[in-house]
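One chain, subunit A, appears in both complexes that follow, with subunit B as partner in the first and subunit C in the second.
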Partner chain A sequence: MSESNVVLNVQQLHTSFKTNSGYVQSVKDVSFQVQKGETLAIVGESGSGKSVTALSIMGLIEKPGVIEKGKIELEQVDLTKINDKEYRKLRGNDIAMIFQEPLTSLNPLFTIGNQIAEAIKLHQGLDTKQAKVNVIELLKRVGIPRAEKVYYSYPHTLSGGMRQRVMIAMALSCKPKLLIADEPTTALDVTIQAQILELMKKLKDENNTAIILITHDLGVVAEMADSVAVMYAGQIVEFADVFTIFADPKHPYTQGLLNSTPKFYEKNEVLQSIKGTVPTSNSMPIGCRFNPRCPYVTQKCLNENPSLKKLDSGRQVRCWLVEEEGETLV
Partner chain B sequence: MTLIRSKTETPNTQKLSISLLKSLLKSKTGIVGFIILVAVVVVAIFAPILAPYDPTLINPTKMLKPPSWIEGGDPSHLFGTDNLGRDILSRIIYGSRVSLLVGISAVVLAGIIGMLVGLVAGFYGGWVDMILMRLVDSFLAIPNILFALVFLAVFGPSVPTLIIVIGVTNWVAYARIVRGETLSVKEREFVKAARTIGVKNSLIIVRHILPNVMSSFIVISTLSVASTIILEASLSFLGLGIQPPTVSWGGILSDGRDYLATSWWLATLPGLAITVTVLGIIFLGDWLRDVLDPRTER
Partner chain C sequence: MIKFLIKRLLEFIPVLLIISFIVFTLVFVAGDPVALLLPEDASQEDIENLREALGLDRPFIVQYGTYLSGLLQGDFGKSFRYNSDALPIVLERLPATIELALSAMVVAIIIAIPMGVWSASKRNSFVDLFATGGSVLGKAMPNFWLGIMLILLFSVTLGWLPVSGRGSWMHLILPAITLGTGIAAEMTRLIRSSMLEILSQDYIRTAKSKGLRKFLVIYKHAFRNSLIPVITITALQTSTLVGGALVTETVFSWPGLGQLLIQAINTRDMAIVQASVFVIAILVILMNLIADLLYRVLDPRIKYN
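Up next, the complex of A and B:
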């Protein structure tokens, strides 16, 4: 884990939204690092702050949202301190993002080629002819058959899986150092899902791109991720490598999440669920944010919010139940 | 795998115009609209050649003659004559010049202003939106005709002032509609996607928002060519439109109102000219909207 391999370093990120009843914190105290070629999965329920974290990194938090404090360093450059124009240069060039909805992520009025070429022309200053060669090359790399024809096709003529491939091609057009994939396979059916994940893996290996994968599908996590950050109510509650998370989840929320996924060898079992819902940002419980839903809740949990503890193995857990000695972060 | 239509290949500009023509031939209403509009434009351009008489020539011996196909009609005046014995056909032919000019230019002017205001207000939101929309509201609060009367009374009625006054009173409708469409289009994922690849706001507006609000814009523009011609007519009726001796359809129409009970052709025939022209423009606009949307099969 040498320092130079760190592509993205997020430190104590706080992102809030201003509402009539004051600031509402969507992301609180989020810190993580992503290495070159590493895939970090951020998992959690809806409303846990996954997407806001991603948009904060992209610099696309819109008013009334604001990054209150924290550092987002992309190769030692603090993104919270650069201006709009510099940020635009980074987007698409150094960091790229793909979205959940491939069906609506393409402008219906322009051809595929035209849209991918937009990014290339913007960042590499190529003319249309040169860009076209690159685009067709890209389309071939993401496994689109008859790339020359697809170049002139409109989005509505392609299937969902094909469109997501196009989106990936667009995101990778300038060989970004970091790719943020916000639920890239949620809208696709299972077979296509597997193909898209396979493709992302392949491209990651080829370019040594760091990936932040946002998902609530633990199957996808097991397939793709190197390390996992579990988010709950705007905070990271557990952070570990993928094997540790699945083999030995420490936080009750992580355990709950894992219990609520179907298992191949336990047929006919009623699927477990975590009772209750994620608290809304303006009605956070006092103490640990998970305490209303936690099966092991203690008096201490109701009074004080635990900090993220670093354990021996390098994993981090935010829970009073974890007794091991460790350095306290934050 | 028949995902890809081969038809969408080779979109260079020359072939595009051919495919446009082909799609026009396929659309029945489109071709009708196209023919009507071309006919009206040709008539307007070649008015001096086509008109059988001088439109301002008074002939006291042939006053209020009905059209030639009606009993008592004069075969030398196809559409009859008006209260001063002027030939209606010639007046309609000459009138097409002013009506088309005013109708289309005023809509273009109003459309450009409304489009700009709507795009900016919808896209940027916040206080920009607030100020622009309150401006729109205040324009809506003043009756069009009142504003036009004041403006024309101050600057004097002429074709350019008429275009400006109609343009300036009508842009608010476009601004509202374009703003509404912009609000919905800017939330769509492809706009977000464009942001994530680092596209500038101005470029997002031009490349991603504008083309997507275009279809509703075209529909209201074609419809409002009609209302513009009517507005010009009502201003003429109030004496502040196109001044005689210049002829406009609205002018002929309002001249004829006094004789509606006895000589129906005076108001009906220019009215018919307005109706047919407007219909042609609407047909063409409909076709244009379909063509601009790649999802409709060409």
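Up next, the complex of A and C:
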């Protein structure tokens, strides 16, 4: 794809949080691009820096967090350089976000209509009456029955799935160029998950919206993503298109994640797990951050952190085992 | 909603019965008013006669029964001191106390809302330190001391405001500030902690992600949510407010219920004491009812049932 199709270009993103024992880096050296109409999945365990990456893009990192360095370009505008007022114009308008918990992400004291119309009125300058027409149209598009009634309903009267539809309607209300969905289906039951994913796909196709999908569910990745960034301990450890990731994972962590997923065709197979847990930001191991859990660990892994290497067909891997094969990116 | 109100009003009955019993018992054990009514050299026979005339020689339970049946007819007994029915005397003083309490509330709200919200939204900043420190100070200063200090400064030294009494709005300023400061301090802390909790909620992040201005995020999305616990606890503190009013009224010679009650206690004017405490109890219950109604208005999740 050509450069002009790039909606989001993240380069060398470092996000840190100030703690009593100094700054700890939650996200380090993260770089990726998202094209128009593309779905990029960011996968990884809890604590791998997925959500911090998303919030950094949204400009919602709050003190004591800070973006230390790096570029976040939305259509060639570097978001790390703009002021708060300019950022607010983009938020909810050009970049929108859907959160993990539909049950707590809506304000309990305001009607659904009020909450969706808020962004429309703000960014499109419509009055309440015009906004209401738009909101009801949106609610219908996301598959909410009796949209006129739901407009006046409060969040607690809706089910989790319905609330997530409302969140999607809210996020799409101003036709964003980029939609960030932070584990949009985690809190929902399986049948509702499928419906929500289907809905996101449909809306993406209609508007050609770029999506960053944050998840730890590889089933969702297979269903939705065009390309995949695997994050571990604040770094991208592997980046490739979805077919390559599933067919030929190079990084031991990606392999571990895939092995720990149940497969439809392997009945009675014992599921594997990755031993240990993700290190916390203030206790990062020396060398490769995955080394305490890696089955192929070598002496080199214990001493030096590998860089992200670009291999054939654009895939990128951060591992000493594949170090020799490609050119250094980061 | 009507059903809810009726249910709540019916719940008042046992509460009021219990209050009547407690009030009566306390006054009963507090001592015999006859000694105060008669001259010091009164004979034992005179004392006995008066006790008999007032029904004070009868057993406790009979006296309570008489008292209760009087209550049901709106009769709180006769004030020995004023020589007339107690209830009208108490009700006559009530508006002054309500005026003072409401003004103190207004003072408290005007101080506490901006302070609480501001300090929560700028946590650990100088503003926060100032608000938290200020609220400790406000809470630590006793009403009577603050009242006297305010009188010394604004009335005696500067001569801007009247020393005591009730009349114009000028008279109201110092007592309202005196009584309002403690409540403001408590409320500031409450709003601050409630806001801090609300500001970390997911829906606040959603509001921010829509691109709303910070002011709207704080006052539309966070503040209204933070009010629910604040209203509940403030209503529960009505009794503290009335307690504070007693002291403030005495300091400023404010002709309210508190002043009347304290005089009545000093002179063992039982009927006035009983009627006052009863009226105050009803006030407290009504405030709680109002709070109940208020947070049902604020929060659509709370239903009348």
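Heads up, the rule we're going with is that the second predicted complex is superposed on the first by the 327 of 330 C-alpha atoms of A that agree within 3 Å, B and C clash if a C-alpha of one lies under 4 Å from a C-alpha of the other, contacts with A are read in each partner's own complex, and residues count from 1 in each chain.
Here, a residue touches a chain if its C-beta (ideal position, glycine included) is under 8 Å from a C-beta of that chain, and two chains touch if they have at least 3 such contacts.
This is a predicted model, so every value here is computed, not measured.
Placing subunit B and subunit C on a common subunit A by superposition gives a clash between them. Contact with neither subunit B nor subunit C is seen for A:K81 once the two complexes are overlaid on the shared chain.
Within the superposed three-chain model, A:P145 lies in touch with subunit B and out of touch with subunit C [touch as defined at top]. Judged by the touch definition given at the top, the superposed model places A:S159 against subunit B, while subunit C stays out of reach. Residue contacts after overlaying the shared chain place A:K202 against neither subunit B nor subunit C. Once chain A of one complex is fitted onto chain A of the other, the partner contacts of A:N93 extend to both subunit B and subunit C. By the touch criterion stated above, A:A119 is placed in contact with subunit B and with subunit C alike. Of the two partners subunit B and subunit C, more subunit A residues are in touch with B. Subunit C is struck by only one stretch of subunit B after the chain A overlay, and of the options 4-12, 22-30 or 40-48 that stretch is 22-30.
Residues 58, 60, 87-93, 96-97, 99, 101, 104-110, 118-119, 122-123, 154, 156, 167, 170 of subunit A lie in contact with subunit B in one complex and with subunit C in the other. Of all the residues in subunit C, the ones that touch subunit A in their complex are 201-203, 205-213, 221, 224-225, 298-301. Taken in their complex, subunit B has these residues touching subunit A: 1, 3-6, 8-11, 126, 188-190, 192-200, 207-208, 211-212, 292-295. Chain contact summary for the complex, subunit A toward subunit C: residues 58, 60, 87-93, 96-97, 99, 101, 104-110, 115, 118-119, 122-123, 154, 156, 167, 170. By the touch criterion stated above, subunit A contacts subunit B in their complex at residues 58, 60, 63, 87-93, 96-97, 99, 101, 104-111, 118-119, 122-123, 145-146, 149-150, 152-154, 156-159, 162, 167, 170-171, 173.
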